[in-house]
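The same chain A turns up in both complexes below, where it pairs with chain B and then with chain C.
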Partner chain A sequence: MAEVLSPLKSKCVAGHHGASEKSGLKMGTRALSGLWQIAGWDDFESAAQPVLSSLGLKDGGTFRIAQHADGATAWRIAPDRILIETADPNLENAPELMKLDLSHARSVITLEGPSSRDLLSQLVAIDVTPMAFKPGEFFQTGIHHVGVLIHCLNSDRFDILVPGTWASSVWEALYENALPHGVETLEVA
Partner chain B sequence: MIRINCPVCGLRNETEFTYGADATVSRPAMDENEMKPWLDYVFNRTNPRGWHKEYWHHVQGCRQWLVLERNTLTHEIGACELAREVTE
Partner chain C sequence: MRRLQKGGRIDRSKPLNVSFEGDKLPAFQGDTLASAMLAAGVSLAGRSFKYHRPRGIYSAGVEEPGALVHLREDDRHEPNVRATTAEAFDGLTATAQNAWPSLTFDVGAVNNWFSPFLSAGFYYKTFVGPFKHSTKFWMMCETFIRRAAGMGRAKYLADPDSYEKRNAFCDVLVIGGGAAGLSAALAAGRAGAQVILVEQDFELGGAILSDPAESESDQWLTKVRTELENMDNVRILIRTTAFGAYDGDTYGLIERVCDHVKAPENHQVRQRYWLVHARRAVMATGAIERPLVFGSNDKPGVMLAGSARTYLNRFAVLAGQNVIVTTNNNSAYSVAADLARSGATVTVADLRAQVSACVQQIATDAGATVLVGHGVLEAKGGRKVAAAEVVPVDSSGRATGNGKTLKADLIAVSGGWAPAVHLWSQRFQKPVYKEEGACFVPLQDDGHTLRSAGISNAASDLEDVISQGFALGTQSAGETGADGDIGLCPEAFTTGPFWQQGMSPVWAVFNTNGSPQGKAFVDFQHDVKISDVDQAHLEGYISVEHLKRYTTTGMATDQGKLSNVNALARMAELRRQSIPEVGTTTFRPPFTPVSMGSIVGQEHGRHFRPTRLSPIHQWHQENGALMTEAGAWMRPWYYPQTGEGLQDAYVREAAHVREHVGMIDVSTLGKIAVQGPDAAEFLNRIYVNGWKTLAVGRLRYGAMLREDGFVMDDGATARLGENDYFMSTTTANAAKVLAFAEHLLQTAWKDLKVHVTTVTDQWAAIAVAGPKSRALLTEVTGTDLSRETVPNNHFTHAEIGGVGVRIHRMSYSGELAYEVYIPAGYGRHVWETLYTAGSPFELRPYGTEAMGALRIEKGHIAGPEIEGRTTLRDLGLEGFASSKKPFVGSILCKRPVLEEASRPILVGLEIEGATGAKAGSILFPNVGETKGHGDGWVSSTTYSPALGKNIALGLLKNGKFRAGETIRVVNFVGNETLRAKVVSPHFFDPEGERQNG
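Entry: the complex of A and B
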């Protein structure tokens, strides 16, 4: 099988850029273990429940807080749509659901470090201060006019899910704005 | 600056949304044979001064279509609902 390359492969070269005396944040990428969207209609809640249960997830969660189970993360991205990251290739299906494999359609840009929130606040029109954007929370917004999902992992660590075709543009917008903070780019794992 | 209270995402900046269309227009019945109702439906719009119902798309967010009230004079934003939940 052909090796799937990250669209960020050429960006993720180890190095230190921008303000030389500072190391405000690290930018990198990580492979998605597998990304699925399940979508449905009026009875979405009950149709989705067996899929969520099979992954150990309690329910569909809220539009604000990601759900976690061993090996699975779920984001409720719309009333009848849930995004699930799981390595399980045999995700359950039901006739009332549309299951869509997005594993190769999204890339993850990782941010880490004390200046991560400062960088995000330069690029999104949302309050990303620690009181307003807490670990475990996520939101969908736009960076550089591209729809993204930003997930807060801990006080200064974030995953940004980006459409693969725009990953390079979003990376550049983040990178340019990160330079004054001093940015370390991480090798693709 | 316009801010829109998306029922899914919460209060967000207008830059995340795009305007869709006039939400007060409804399609004539499919068996309507007069030309006038179809002409009005496709081309003719009122241009109100004040409150107006509009379709907006939360394109850089939950990607849901919304029906929102906007004041064309002051740009105030009123009630905002998911279009799928608007029955009339």
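Entry: the complex of A and C
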């Protein structure tokens, strides 16, 4: 089987960039184990629950708080849609619950470091201070006019899910804005 | 003028290399350019806007109207910088602006001689006349007028610096780092609110910095500042101006991050644009001292009194040795006293008839002389003040007797103070007039989320300033839920008298006949004289807004900082009204100029907008493709061989497809997953044709209309499963179609159980076209792709290079063709696998230009034809529309105007001669005038390698009946007329034998 090519592969070359003697943050990418959308209608909650339970997820979370279990993370991206990162939800399409493979549709940009919140505040018009954006929470917002999902993993570590065809441009916007902080780019794992 | 040996807040151990007009200035760390200029004895700082009159340093802050300079050199050159706010740094170079050939000998000064003719409205009255072509004439004259009048000049060089934008959120934004602002921040910070404190200066303190160093006020400042700096919930931004207050409790700030160094180093940004979302804001912006109006009040050596004190106490510069302090209020007495104590000979000319003995004593104890009931009628001197004519005046400022000329090199003026209400006014409304203090102040309204405190609220004394700030900080924090222990309000320190106490609203000094002595200015920045206000009144201007625009007083960067009240007062006097009755003008953002770079931030050049790249993009670049923009996408335009240009390359590529096989990256096509039990019904409604009978494994072409009946988009949709469809759209309309579909599902069609989701990013797509395409794909996939197994409009699943793909049998080129859909991460791998395997079949990549040529030959429509004005019938697609069901646009597409037989319809055009037509050319009959809109237009054009001639698609009135007619194709832009024969738009293989083969 061929290797999945990340649109960020050419960007993720190990090195230090921008302000010298500063290492405000690290930028990299990671592969998604799989990304699936499940969507339903009026009875979405009951239709989705068996799928979520089978992945060890308590429920689909809220619009701000992601749900996490071993090997699976769920983000409720709309009242009747949940995005799940997992290898395979082991789900067949049914009239009341449709699944959609989006594993190749998103790339993940990883941010880590003391300046990561500063960098986000440069590009995102929402409050990303520690009091307003806590570990486990996520936002759907825009970076450089591109719709993204930002997941706060811990106090200074974030995953940014970006549509794959925009990933390069969003990376560049982040990178250019990160230079004053000093940025270390990480090679693709 | 001289630098004092002691005092001030400059660091004498850190001398700086600073120059103005090539002359080195004695500057130290802590200086501004203006203070360094004054220390060096520079009196002439610039030339005025219109009359090129000599101008000096008039103030010590953002209100400076005269000392506007060019700063730095080459690509960091910056015009119109106020010397008073330019922080001195090592290597600072400044030059004069608006003067030629030199500042001291400025040819433009001739304007001053003609000033009687250059009154308000002169240009428009003189150069815009009722004669023919007057607009054209004005535009020609304007070029020269703008050169003669004006300010600094920008350079056409790329800015080498970078800028940053940042969003911030807080409970309480405190604007202003003076006593009121510090007190407000202290209270809010102690209460536990998230606070941002901004100060435009490079030090906190505001007016405290103008007090003598190491005085009681400094102890107060140090204590409060230290406490604030130790609060984790308080962010202090110095060198930061709040320039705009907007709806939604949003404030624009500019932080001058590196303007105090020669050049940003180590990748730091020059300026940072903050967009602050604050739940509450405290405006503690202080006040700006008002000028007094008298003859030649713009002459270098005339200065705001408070600024003279600032230069003395903060920068250790004695701005004059023989000083006339003229005032209508008490605040100038501290100035007189401090100047006198520093060795100047000081005379106070107080316009008021009575001044309390204790106030006079402030000056006289320091050795100054006080003349009560006197004012300055005229500043005398050449390029700078040499003397002042001081006259006795009545309560209106009119001279009551003969004056005397006093030797002076500095006339320090105080006409009272104007609270800096700009931000409040931007946000809410015009401020209200407060008789006590003769100034405009914000309306106090607890419902407002931006409120003022301290001097900006015309507080009466320092204790009032501090208590107002502390109380408003407490209140603001409390309203956001922060209710921690705020402790005690800081105690006031000793300070001089404020202006409101005993102020007399006398704002100008006139001759005994009621006229000013010579030119008396109300707006220094725009050279607006009191006589201009008089003229506007005579010409019938009664609105202050009209007065402002007619005379230009208070416009542009001044925004009424210095000019406002004096102009209004004159207008009120002429109209025999009070100032509140006349009203004030509207203040607009920005409060001070904002650089374009900071507004732009990083969004310029290739980051002006985001760019979208296909999963196969890198291959195209590595293999020599020339890329072109297609909306946000970058697409391969053509793959030139050695020495080839566009024309040769695309003709070769298109011909190759017709003869062999080519492949093109079509990952940019919009792709939408349509899922749900009502998906077929959804498609039935959104497309004009029927979908309920489409079987799994098949696909169908569809067209959709806007609600107004015009064609919106077209594409093919495949049925992947029972409730699962894969819709493709044009590259250009993908987002529009998705948004439209989502809109319908969430509003009009809430009854449908359907979800639409973009999968454009999920799938790479490759079109393989040409007579050898089947053979190639059969070879690569090992799958039966025969006509019988996979006929046109069917799809099948296969593997290429070990990757599962979906192969759609469909053609855009008119050739036997397939579209291969691949999970995006494998897009390049599949492309390369095909490329390698295609060698025996002479497979070549082709770009968008060849793709366009092929589709035009076939008569397939694209964006140039689906441009919002065309109907199904116009495009020859009316046969697709079902008459058995409603669909979006089905009613309005039947409007009579859209069914008129004479509407332009899609035709083919065979261009005569070797020159191709230009898209957008207008079509005219072969004879007659070529005027107006003609009979139609050319939409798409190409050279057809299949036909060996230039062809085009166009929309032509009555086109259906004009086959064979020769028409003219007129390109008015290129001044070119061609002739063309009207033919069917299906130039190539009209029966479809090749694509269906």
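Rule of thumb we're sticking to: the second predicted complex is superposed on the first by the 182 of 189 C-alpha atoms of A that agree within 3 Å, B and C clash if a C-alpha of one lies under 4 Å from a C-alpha of the other, contacts with A are read in each partner's own complex, and residues count from 1 in each chain.
Everything below uses one rule, namely that contacts are C-beta pairs under 8 Å (C-beta built on N, C-alpha and C of every residue); 3 or more make two chains touch, one makes a residue touch a chain.
On a predicted model such as this, the values are computed, not experimentally measured, just so you know.
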{"item": "Partner, of chain C and chain B, that touches more residues belonging to chain A", "value": "C"}
{"item": "Touched partner set for A:158, first chain B, second chain C, both or neither", "value": "neither"}
{"item": "Contacts of A:166 with chain B and chain C, given as first, second, both or neither", "value": "second"}
{"item": "Partner chain(s) touched by A:106 [first = chain B, second = chain C, both, neither]", "value": "second"}
{"item": "Contacts of A:140 with chain B and chain C, given as first, second, both or neither", "value": "first"}
{"item": "Contacts of A:39 with chain B and chain C, given as first, second, both or neither", "value": "second"}
{"item": "Which of chain B and chain C A:121 touches, first, second, both or neither", "value": "second"}
{"item": "Which superposed partner A:179 touches (first chain B, second chain C, both, neither)", "value": "second"}
{"item": "Contacts of A:63 with chain B and chain C, given as first, second, both or neither", "value": "first"}
{"item": "Residues on chain A lying within both footprints (that of chain B and that of chain C)", "value": "125-126, 145-146"}
{"item": "List of chain A residues in touch with chain C within their complex", "value": "1-7, 10, 18-22, 37, 39, 41, 80-81, 93, 95, 98, 100-106, 118, 121-127, 129, 131-132, 144-146, 163-166, 168-170, 172-173, 176-177, 179-180, 182"}
{"item": "Complex contact set, residues of chain C against chain A", "value": "162, 164-169, 194, 266-269, 275, 277, 602-603, 606-607, 609-615, 617-618, 633, 667, 673, 675-677, 721-724, 753, 755, 757-763, 801-803, 823-829"}
{"item": "Contact footprint of chain A on chain B as seen in their complex", "value": "8-10, 12-13, 15-16, 59-64, 82, 84"}
{"item": "Chain B-touching residues of chain A, taken from the complex the two chains share", "value": "63-64, 77-79, 125-126, 139-142, 145-147"}
